[in-house]
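The letters A, B, C and D name the chains in turn, as written, and every chain counts its residues from 1.
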Amino acid sequence: MPAPLALPVLRSDNKPQSRPVARPDTPKEKCAVFGAWHIKPQLSSPARQAYLGLYAMQHRGQESTGIAVSDSKRLDGITGMGLVAEVFDSATLTDLDKMGTKAAIGHNRYSTAGGSVACNAQPILMKYSGGQVALAHNGNLINNDLLRAKFEEAGHIFQTTSDTECIIHMLAQPASQKSPDPLAHTLRYLQGAFSLVFLFPDRIEAARDPWGWRPLVIGELATGGYVVCSETVALDVLGAKFLREVEPGEIVTINDHGLATRRFADEAPRLAQCVFEHVYFAHPASNVFGQNVQIARESMGEVLAKEAPPPKGADYVVPMPDSGRSAALGFARVSGIAYREAIVPNRYVGRTFIKPTAAERQSAVRLKLNIINELVRGKSLVIVDDSIVRGTTTKAKMDQLRAAGAKEIHLRISCPPIMHPCYFGVDFAQRSELIAHGRSVEDIRTYLGVDSLSYLSLPGLLSTMQRPGTNYCTACFSGEYRLDPEHPTSQEVVEPKQMKMLV
Amino acid sequence: MPAPLALPVLRSDNKPQSRPVARPDTPKEKCAVFGAWHIKPQLSSPARQAYLGLYAMQHRGQESTGIAVSDSKRLDGITGMGLVAEVFDSATLTDLDKMGTKAAIGHNRYSTAGGSVACNAQPILMKYSGGQVALAHNGNLINNDLLRAKFEEAGHIFQTTSDTECIIHMLAQPASQKSPDPLAHTLRYLQGAFSLVFLFPDRIEAARDPWGWRPLVIGELATGGYVVCSETVALDVLGAKFLREVEPGEIVTINDHGLATRRFADEAPRLAQCVFEHVYFAHPASNVFGQNVQIARESMGEVLAKEAPPPKGADYVVPMPDSGRSAALGFARVSGIAYREAIVPNRYVGRTFIKPTAAERQSAVRLKLNIINELVRGKSLVIVDDSIVRGTTTKAKMDQLRAAGAKEIHLRISCPPIMHPCYFGVDFAQRSELIAHGRSVEDIRTYLGVDSLSYLSLPGLLSTMQRPGTNYCTACFSGEYRLDPEHPTSQEVVEPKQMKMLV
Amino acid sequence: MPAPLALPVLRSDNKPQSRPVARPDTPKEKCAVFGAWHIKPQLSSPARQAYLGLYAMQHRGQESTGIAVSDSKRLDGITGMGLVAEVFDSATLTDLDKMGTKAAIGHNRYSTAGGSVACNAQPILMKYSGGQVALAHNGNLINNDLLRAKFEEAGHIFQTTSDTECIIHMLAQPASQKSPDPLAHTLRYLQGAFSLVFLFPDRIEAARDPWGWRPLVIGELATGGYVVCSETVALDVLGAKFLREVEPGEIVTINDHGLATRRFADEAPRLAQCVFEHVYFAHPASNVFGQNVQIARESMGEVLAKEAPPPKGADYVVPMPDSGRSAALGFARVSGIAYREAIVPNRYVGRTFIKPTAAERQSAVRLKLNIINELVRGKSLVIVDDSIVRGTTTKAKMDQLRAAGAKEIHLRISCPPIMHPCYFGVDFAQRSELIAHGRSVEDIRTYLGVDSLSYLSLPGLLSTMQRPGTNYCTACFSGEYRLDPEHPTSQEVVEPKQMKMLV
Amino acid sequence: MPAPLALPVLRSDNKPQSRPVARPDTPKEKCAVFGAWHIKPQLSSPARQAYLGLYAMQHRGQESTGIAVSDSKRLDGITGMGLVAEVFDSATLTDLDKMGTKAAIGHNRYSTAGGSVACNAQPILMKYSGGQVALAHNGNLINNDLLRAKFEEAGHIFQTTSDTECIIHMLAQPASQKSPDPLAHTLRYLQGAFSLVFLFPDRIEAARDPWGWRPLVIGELATGGYVVCSETVALDVLGAKFLREVEPGEIVTINDHGLATRRFADEAPRLAQCVFEHVYFAHPASNVFGQNVQIARESMGEVLAKEAPPPKGADYVVPMPDSGRSAALGFARVSGIAYREAIVPNRYVGRTFIKPTAAERQSAVRLKLNIINELVRGKSLVIVDDSIVRGTTTKAKMDQLRAAGAKEIHLRISCPPIMHPCYFGVDFAQRSELIAHGRSVEDIRTYLGVDSLSYLSLPGLLSTMQRPGTNYCTACFSGEYRLDPEHPTSQEVVEPKQMKMLV
């Protein structure tokens, strides 16, 4: 297998091209996808709906964003680095409105912060012998390198380092184009996690891998049109009615005749829905894999309070804002200890904070989280947070609480220790960087300098999920990968159940 | 008295100059001020401390920001429109570091959103016969028009519409310059609210009006230097030790010899500390007028729960995020009803959201606040918010909750009805725009379409304050202005107690 | 033959994507190419030499520019819209210096003004199975559509609409890669005009089509290195010594071992050197096809004065600046009439002039050319210009002279009437837009409203060229195309002499 | 006299503020002014006419530009750094069109290149007790420091370092406002060179100092309106009819009643029209001080050819482009030697050329001027240029010609040696930097390394002027200053003839 090469493309502006980040071997992404097709004209254009939908799903990716549109005959689009609000303004939306009134797809890409790396801007818009196509992808393919090498040997030229481009080359190859269903033929060669939204001039096609790693839902617009998107919160913002999830192994087509469905593969016998969507990624107001996220998080806090009750004499349950708030409320409810918001996040600290000098590093930490000294000094606190990845940030926060005079700190984490990397769309870190990899909870407690530390157990976590536990991917906690990332194949997979599933 | 004229200055760039907003007759501001003087060299430069301090006080003003620095002999500075993080980056801070290593002052200006108008960028840096001076101002002068007209008749030319510039003209005039204490002489002519930080090449002078409307505190840097700033949260971020408030009527001088103090006027017999700082403006982690803000807000919620208990059968106490959260927690504690965060704010909706078309307006509302439908549909909710100004935003939020299926909505506001404009540094709106002006609570309840509505009483509010109630300005609720904004004087006021105080 | 499709690619920024211009069927370009390889380290980096060389050849293309560099192992680069001075600054050059110290190639693209359309930014940098390659191209392929369709049918995906990309796909295909000389194999499939500079990590390869349409020269750096570029003026600026032209059909390789040469094809029996390079395109200080351009232009004016002498009583010979100046000087010398610069161009009117309203159109014309009224009013003028394409601009200038009071205008053009489009790298206009297409000189005279009009004859023009007239392409004047643009082939052409040459 | 102080004003953006340049003691400027008042509505707006007029006069200043407009009641405006085409685009002009439809004034400021320094952006727009006023100024006041100190002592605060601001403070002071004609009262206090265009909401007032240093002309628009501007080339572009010059000592008022005139002072007995306008500054197509500039320059070349004929055997007369071209043509006509344009300027080398490294310095010189080697190698050349200031640039050009193989170089300069600084609107350099200060022509010849060097004599220069030689300022050549720059007065000057005129 050829080593994955970093492709330096000529930049189209005069800013320095960032060199590929060294660490990850392949791009890992956690993104939002969106698509809207108008059967009848609507008050709001497809591009503006994509804007609103992507805005609502901004939490899934802050590095880049893009929208591609169709006027029924031709595709066009705009992508850019930064937030939805930075890339799109009234002028660009007006441009997009002119370029396409029939349909739009969109994409948010994950930021480099906190365990992820840059992937390439999407949607990707390309032209091949079959015409134009745009594609937005959430997930990660484990056989991308195999497939790509095969194409390069055949003379194909790649423009990006993204596994998403490989899907289009697969679609463009004569073998696919000659097949009765080129798209289904294409999808059967992909291994890994993919929730895809394709835009062709005359239709949207949305597809989800047979294991259902990433969410993808369908909604109906009030006045003649459909929406597909990663999370239901985008449907809510658009006033669209939730219909159902796109099923694992299904292709949903939306065009002027309405919705149609077909399968490119059977649903896998055991699904691999990402439980970390519920722990951290998804929006509290979304329904993911059939249940509300915030209520699930409160339940995690409740179970955690039962599994790891606070010590006697604890004064307050304090959430680590914002991600620990739901679990902390559940924890406080069950434990009966007063819930106090003793840590206040600075709403203005974003990606543009200057790189602090050594002298300012401590100030920078204090700027991000302000402590209510009256609620911390001399108190015994139960701090509730959602997860620990590398531990460095958590350590800094614990030190800050100590410096503010906390008498005791009891840290409670609402998921199990993260000990294994994810190959299916989340880039935590390399295995060796994960603090829980090869360390006991007691080691971690010592490192963090807290008085006690407890994690939610994996059975505890799965008990809060509404679907059977066997249908969730828990590999980051358990190491049990549904597909073997080390041994991908470049063969067509007609029946997922025929694949060698590891667990 | 000449009508206040809007002065269009030639723009120094090629962006369209925004025309003065029509509504307010004079600029009203609610800002942050900051100053740092280094007696001994510190690890972090004065400009970088100003950056951090202003960042920590960003909530007091998001429209513009600026920093002026001294190298002991000469002042220089940078101002810009936007957030601290937008105006300053590594390059600008490095510029400032080169321009002045001795001291820095800074300013955040209030945004146009939610009851305020643009004021002019600060600090203002000017040169007069006495040399250079830079000035940052939080407050509002009620005799600005009188003073300004006097100067214009004498041939003075003003560059801004800000009352801050008038203070420098007062200082520059021969009468002040010939006085033994030009600064004290100047301050005795100013009527209204002012917390001022002056930067001269060789010193910082910080002054607070005799009524103490706006906060201003002093802190000590660990290694030889002092800080003055609006809120203690900036001291915490810098690791500076809180010393005390600047007293009403006091001038504090900071130079290489340390701190010195003198009075330009006696403290007023009854202070006018702005109670709205505690209700809404100040940072939860700050200590303002001697007490912590977040704990005060929790107490307001507790008193409110006693004054206006929830109806029987209420399912949840739900905060209107983020400002209603503290009071809601206090309310839930006292009322015993479950606290649930059923409304989730979108952290990415900022000032750059596109102006929605009529068709998108409702989506825009839904984008700002996401509803957890499972916690709202069919439920009886007690919604807790901090205040209502014009009522339009509150109405939209109540409608959104109804649309999400709320069975009953009981709205509780943790301050009294705002019925009167503020002339001392807050620009709520014109009297006629305030929903509580000339309307009963029942009228407002009907307008908002809620099942019940209660406000915290003024005695109830004052009961949560640690200082005697007579020392707070409550004019926005009571109409009792400490100074008569309709009849200012341009005379020197030696003894505040000799002034005609209305209440 | 499939219709050439305009490929809308997703833009990588948030500016509106310009739709492909409707008129031309295929992209036509007139560009500058550059390459520099350092065998020994030089005082100035390859990228800075490319910057200077492209700057010196800015007249060949103002729409976009770019530089790609090699560090011997890896390629990188920057392209951008606009002039060399707009795309590159100290920071970008420093970036390039870091990215590659061994070699650089560069490209200027022709502007949309005056009979040309946007082509895509170059150098193109791509990765294929053979590694990385960057390519800069001056010319136009007439069999691009044929080749491209073949590749698209094989599943290849194209990123640009440029025929340059097709060359790289040809190189990447297995048939080329398996050939003993992949590059020569590739070039034998290309039909049309091409002066190419390839950058591979370990070498530069420069090639010129067997007909020699576009110039390409080699120079030697004083201290161990070589330069290839479109015009000698770039060599002069770098202080490089002119060695010779790259020969038609030749490939010149530059690497750390020095220069090497091989042929991919024989030189064509009759060359097709573009005579319009001497008439208009090339820099006056360059030596093109073996002779200085400015002196050639003066000779054109001299021959023109003999062929079409001025009428009796003519007061002044006046050049149309700047392009008519050389020929006007020659014309004045021979005719003995006083040379006066009565028309002064505004040096500041560039591409950023606002689109004038109808009311301002006349002012806009007068702004571009200022008339010395004293030299025009009541005078009989011989105006000398280099060429007329569509005639609209010339008409406006003649009207301006009339309005300034010119008594008689005798227009002399230093080339024959342009009656046919160019398919080999110049985009004049569509045939029907050329004023000389299907119109007599008398018709044109009437349209322009001048008292007399004469063009230089084709024999007269060729008499000023130093090489035999049969070795120049004069198709735009004569309609005699060396290769038939209507019937290209996608076959390999081993011997140009075997090709069906039309003339 | 107080030392001129550099006033650092707070910057209104976040770019580094450039520190005042050290060299010149006071700001010296050479600028363009413009004003247009519409009595009847015109097809083109006042702001767009200002744009066109400033564009036509861009050669008089490239550092900054600005336009102020009136809607009859209120003034507004935009200024910016850079060229007219950089500061104004369609959007800004549309803004200006909305801000004022009645009148516009404008200003171009001189660039820092070639003997000048930054002055402050104009027009200055200010509000004073009399209302709003905008002002554009070409010239320099020698009593600015005296006046400014007086105002600062009275408590006035200045915003700029420009002498232009002082004029507005003079106008705003009670003594002026109480006078029957505040403007005339103001102007009588100003000493030095000033061509001023004031915009009040209800009128334009244009004034010229009693000595007439800088040009200022009046034109009439075809359809009811008037224009005042520095040069007639702006009238030509607008299609306005030249009426006459504004007379020295005159104020011309333009309002809806038409033109009116009055005097604030008698015309000086001997005028001081700047002869350098004809030598270098003014546009070739302009009529300045009653005669065409280009024809005057040709005459200078003719007189120079008589005074300093070329040596025997000279091959060519070669202009130093672009400024030496007119004189070279005159020189060639009289001398009978062939005129050849052997030096070709690069039209793309502008202010954005990167700062070359030492290694690139020579390439940078060669990039600016391309040599036609065939016309230089082995030839004896007469090079004609307009002037020499410091000599460094000329030296580099002579070296370049030598390197290209010139056998003999005979340099002819079409004005006398510049030996003295100008205090009236041109900033050549400090006295000591002028190569001709304290050096003989032979010294200069040796320094430049040319075979012969001759300057035009002062009588020769004045012989080409149409007005009596005593009415021109020739101080830069002769040292005879009309007013003593070392001893200004702050007194009112009713009769210029009563002033102590030095010459």
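One rule holds in what follows: a residue touches a chain if its C-beta (ideal position, glycine included) is under 8 Å from a C-beta of that chain, and two chains touch if they have at least 3 such contacts.
In this text, all values refer to a predicted model and were calculated from it rather than measured experimentally.
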Contact-graph separation of chain B and chain C, given in steps at minimum: 2
Centroid-based (C-alpha) most distant chain relative to chain D: A
Where chain A and chain D are represented by their mean Cα positions, the distance between them in whole Å: 62
Chain B-chain D separation of Cα centroids, rounded to whole Å: 49
Whole-Å separation of chain centres (CA-atom averages), chain C against chain D: 39
Touching two or more other chains - residues of chain C: 88-89
Chains grouped in pairs wherever the two touch, ordered by label: A-B, A-C, B-D, C-D
Residues of chain A touching chain C in the complex: 5, 7-14, 16-17, 66, 68, 74-80, 87-89, 91-92, 95, 99, 121, 123-129, 132, 134, 151-159, 168-169, 172-174, 177
Residues of chain B touching chain A in the complex: 42-44, 48, 51-52, 55-56, 58-59, 83-86, 88-90, 93, 233, 236-239, 283-285, 292, 294-295, 322, 325-326, 329, 333, 338-341, 344, 346-350, 352-355, 357-360, 362-364, 366-367, 370-375
